[in-house]
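Note that chain A is present in both complexes that follow, paired respectively with chain B and with chain C.
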Partner chain A sequence: MEALKVSPGFEKILPQEYQELVEDGPYGRGLAVKDLGTFKEVIEEHPLCAGCGLGLAIRLILASLPDPGNTIIVGTTGCNSIVMPQVAIHNIHALFGNQSSVASGLKRALRLRYPDKTKDVVVIAGDGGVADIGLAPTMHSWFRRENITTIMLDNEGYSNTGGQESGMTRQGVVVNMAPVGKKFPKIPLHEIAKAAGCAYVATVTPARARRLGQMAKRAILIARDIGPTYVQIFCPCSTNYKFPPSETLKRAKETEITEYMSPEAQEFIEKIEKESQSRGGKE
Partner chain B sequence: MLERKVVSPEYMFFEAPREKKYLIGNEAVAEAVKRANVDMVISYPITPQSEATHIVGDIYAQGYVKDYYRGEDEFNVMSAMAGAAMGGVRAFTATSGPGTLRAFEMFPCWAGERLPIVCAFMTRGVNSPLTIQPDNIEIGWLADTGMLIFHAEDPQDFFDMILQAYVIAEQPDVHLPVGVCADGFFVTHTREIVELTPEDEMLPPYDPSVSPVVTMDMETVPVRHMKDPFVMKSNYISYNTHASWQQEVRAAAERARKYITRYMGSPVEVVHPGAEILFMASGTAAAQARVAMERMRAEGIDIGLVKIKVIRPFPEKEITELAEVPRIIIIPEHNITGWLARDIKSRVNNNAKIYGGPRVFGGMTMPPEMLVEETKKLLLNLVTA
Partner chain C sequence: MSTLLGFPKNGYKVVPGPETYLSPSAAAMGVVLPNEGEALIEGDIVPEEVAYEEIANRLLSARNPTLFPGPLVLWAWSEKAVAKARALLEMVGEVPGMKIIPMPDYRPKYPMINPKVEINPNHPNLTIWHNNIDVCVFVGVHCHFANLALKIIRAGTDCYTIALCGQRGHEDAMITLRDVHAEEVMDLTDTIRKVKMERLSC
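And then the complex of A and B:
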């Protein structure tokens, strides 16, 4: 990646982690989840709680970006937003809930400025940010058929503000602001996404690492040319749901893995994955 | 679409031939957007603004603007404007009263992100009770967002100020959003002679490479970078970052003063500065005060006018100096809060001579006759006192 290269004379001044990104970063190399551990990742460290499902999910998403050198991430307030400043990819945190409208403006701007280059705009946000405060812009970005990928990190509550009920909390669960238990079911956003025009909708968990990586990659590729895509990742929160951090993956496995593609998206994915296999790729 | 050529701001503002057209304010806005070489416009309907972005939609259809869509609400329109500006394009939108309030969280965010967005505010009263009528109460609220704020007197000002706003906003040492305000209906729906620059001449394109903050396009170093200070780390460094950044936003507005002088002449227009009585006003209140002043001068009353074109950065030096001379300063306004009077009174020594008012609001007009009558009443009271 040209922008990353060190100007002559500055090699010894820049920190080691930077040098490693230049020499061994993922940009332009077509790496995937299976390659984790063999390259310098764009995320160095994170300040999330021990056992946080988000930490692993974010690491897997970042390892699965089809073109990390041309990807911009748009986030919003939440646990994930304290990770993003540590990521070696341009990322935006504007306000709470406006990530899909910021991403819409950004994607259109980048299309104008780089007509011959694909810039992937990926929204990564929590369940409160996507399904509650940001529901209108999330859905309107789908209605408008914006070419962006929305990835929800669903920890079934507002964890960063101290564990309050969100629309994605399950019915009956007692958490802050649901003192007698949540009174309505989890919002079926993955179903709504299909009706709202998403060409690709998937639900997955970080317990299924390669599947998550494949889904994130498919979602981003489909969003480039076909239409909006949505991936919902169940990331249990041990801090607010009060279970031992060692149980996160066990709990994460409880969720159903689903994948929907529009006929056009299906055709596109079959075509590119066949091409990739004929070149020897496995993902 | 006409074949167009890029001209320098200096040429466009000071040398280009001008053609007279009979336009309402909303049409003048679209004419300005056409000449401003705007890349992207995002609209949302609200009276009295809607017509301006209808016409901008038409010029998009003709090819003068590269992308255009109707957003879902004002907050998300202003958010998408931020995304567009962070992506490095020149963006425009417009709103009014309730829309301004709906979107409000984004305005300090634009300033904090150092985005050179230009937004037109066709001001209007806010509920409740329900009103769609002219009233510029929202300018007082916008004044504390960190944005630069201009206030147009008429369609001509509206046209000129939008073009000037882009040039000032995009200076690397400024790089702040500009709100160009005009009183709804009185300017947006009133037809007047507007002198337009040639239709085939436009401003140079925006160059995001001179931005003092990184454009979010992954064409520059991406390491540990975020378009936000690291406020999520609860420590001294984060507090200090936020505090110093807030000051830097205000300092950038201060640095805009030299460009305001260069491109707008002055942040104020002064008529009869040595007069015994001075109106200080902005927007259409200045237009009405101008007429009232002429009538009273014809009767032998020694009265002048200071029209305040730039609300932020507030023309402190000019106003304090001008306030030294007169015996009485009268500040007529189109809102109930009297934000302009508050601004002026808080800065002028011996402010007992400042009369904040008369004020009209909720859609009422400000006839020059009323200004004459109120001024005379004030003088009479002073004499009898």
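And then the complex of A and C:
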């Protein structure tokens, strides 16, 4: 299947949303963040809180997938898990914390099942799922050099369970259900990712939309051929951190944008982006 | 009659509800799946020819028969899927007034489903109620979502459910055939034509 196709005779009975996805969806079109607003997106409504940084980050990631029709997202419990099942892309909800193990097995199985095709397996999970409860599976997927991308939506706490601190909460911060303040610093997971063998590591925020899109795309492309990749996206939480929803992007800008590539990954990205530009590529 | 595991079947019948808020799974009540050449009618194993005739009778007697095609036949992901879809459209054409309401995927719908135009495995009862469906046919729905939907329908509606399964059948449907591919759908269409002719000649 090259793109989404309907069995002959069933076209007209599909609900409007699906007809639009077939006619104007992102599958097989190589779209990017700058194309948002010109095509039917794989999710257009979500039940997250007003001003949620995750909502925007997820939208930007989904718009940046190099091949959405051949992408499988593996997620776990967290704010994002109430969105992901509604996305018109294959996704799996793993047990809390074992998403990288599920993704590793899935990637290997897909390689056996579809030896002639490229299937992207992308972990999208929160900071609790990646850095606390799922830290061991996450790191071991990096140690094993699995060809998967891990994207952490970092809202610096457990937000949909009332507001507990996570390892990614900054030192001294008081959240709803952690009244004495965080006693140790934020886990430097992006540094750990480099040491653990990731070929590409980036920290970004949804306030830098095109940069986020570019980083997500690079991470997925590098994971295909070279090795594990990690993108950490700072997604401020107005509910847990008690700031007006309109301030989300302002707060999101407070984080540092960093990008690391292994020499092999650097060479690979330069090559494919040069090729893409010569073909009049999007980003 | 006892099941494979030796548990008594307790006389449990898979019949239209509303049964109860939390309907038991038919498997838990001792209903087992049919072997090759067999089918299930209301939990009892019968030769598949008997089930073909019963499906034809149920569809031709229905006030509002409806086909619920799932992703395995709605999407043209293989030649076999396309052939089965074509055969299903031919079958629908033989049943007077039969409608088609699709289940394109299994995503929960936010903020809510439109029961007039689609069915969702998480709340199939809404589509049954909204459209006053009295007999429905599930086809091309992955196993666990089909069983979930069939159980919810039995729990909360009085709709008669039929499952045309490509694998081993669905014990939670009132009638289920197994190993149904394009050829078997065409056989069912032939049975519908035959029963129609018999009724006309009476």
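Assume the second predicted complex is superposed on the first by the 276 of 283 C-alpha atoms of A that agree within 3 Å, B and C clash if a C-alpha of one lies under 4 Å from a C-alpha of the other, contacts with A are read in each partner's own complex, and residues count from 1 in each chain.
What we mean here is this: a residue touches a chain if its C-beta (ideal position, glycine included) is under 8 Å from a C-beta of that chain, and two chains touch if they have at least 3 such contacts.
These numbers were taken from a predicted model, which means no experiment stands behind them.
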Which superposed partner A:Tyr114 touches (first chain B, second chain C, both, neither): first
First, second, both or neither for A:Val74, with chain B first and chain C second: first
Touched partner set for A:His46, first chain B, second chain C, both or neither: second
Chain B versus chain C as contact partner of A:Gly105, first or second or both or neither: first
Chain B versus chain C as contact partner of A:Gly37, first or second or both or neither: neither
First, second, both or neither for A:Tyr18, with chain B first and chain C second: both
Chain B versus chain C as contact partner of A:Pro85, first or second or both or neither: both
Chain C versus chain B, contacts on chain A by residue: B
Contacts of A:Leu4 with chain B and chain C, given as first, second, both or neither: both
Overlap of chain C and chain B interfaces on chain A (superposed complexes): 4, 18, 85-88
Chain A-facing residues of chain C, complex: 69, 73-77, 81-82, 85-86, 89, 100-102, 104-105, 107-111, 114, 117-118
Residue ranges of chain A in contact with chain B within the complex: 3-4, 17-18, 21, 42, 44, 69-72, 74, 81-82, 84-95, 98, 100-114, 119, 136-137, 140, 144
Interface residues, chain B side, partner chain A - complex: 39-40, 42, 66-67, 69, 71-73, 75-77, 79-89, 91, 105-106, 109, 113, 208, 214, 216-228, 230, 232
Complex contacts: residues of chain A adjacent to chain C: 1, 4-10, 13-16, 18, 45-47, 85-88
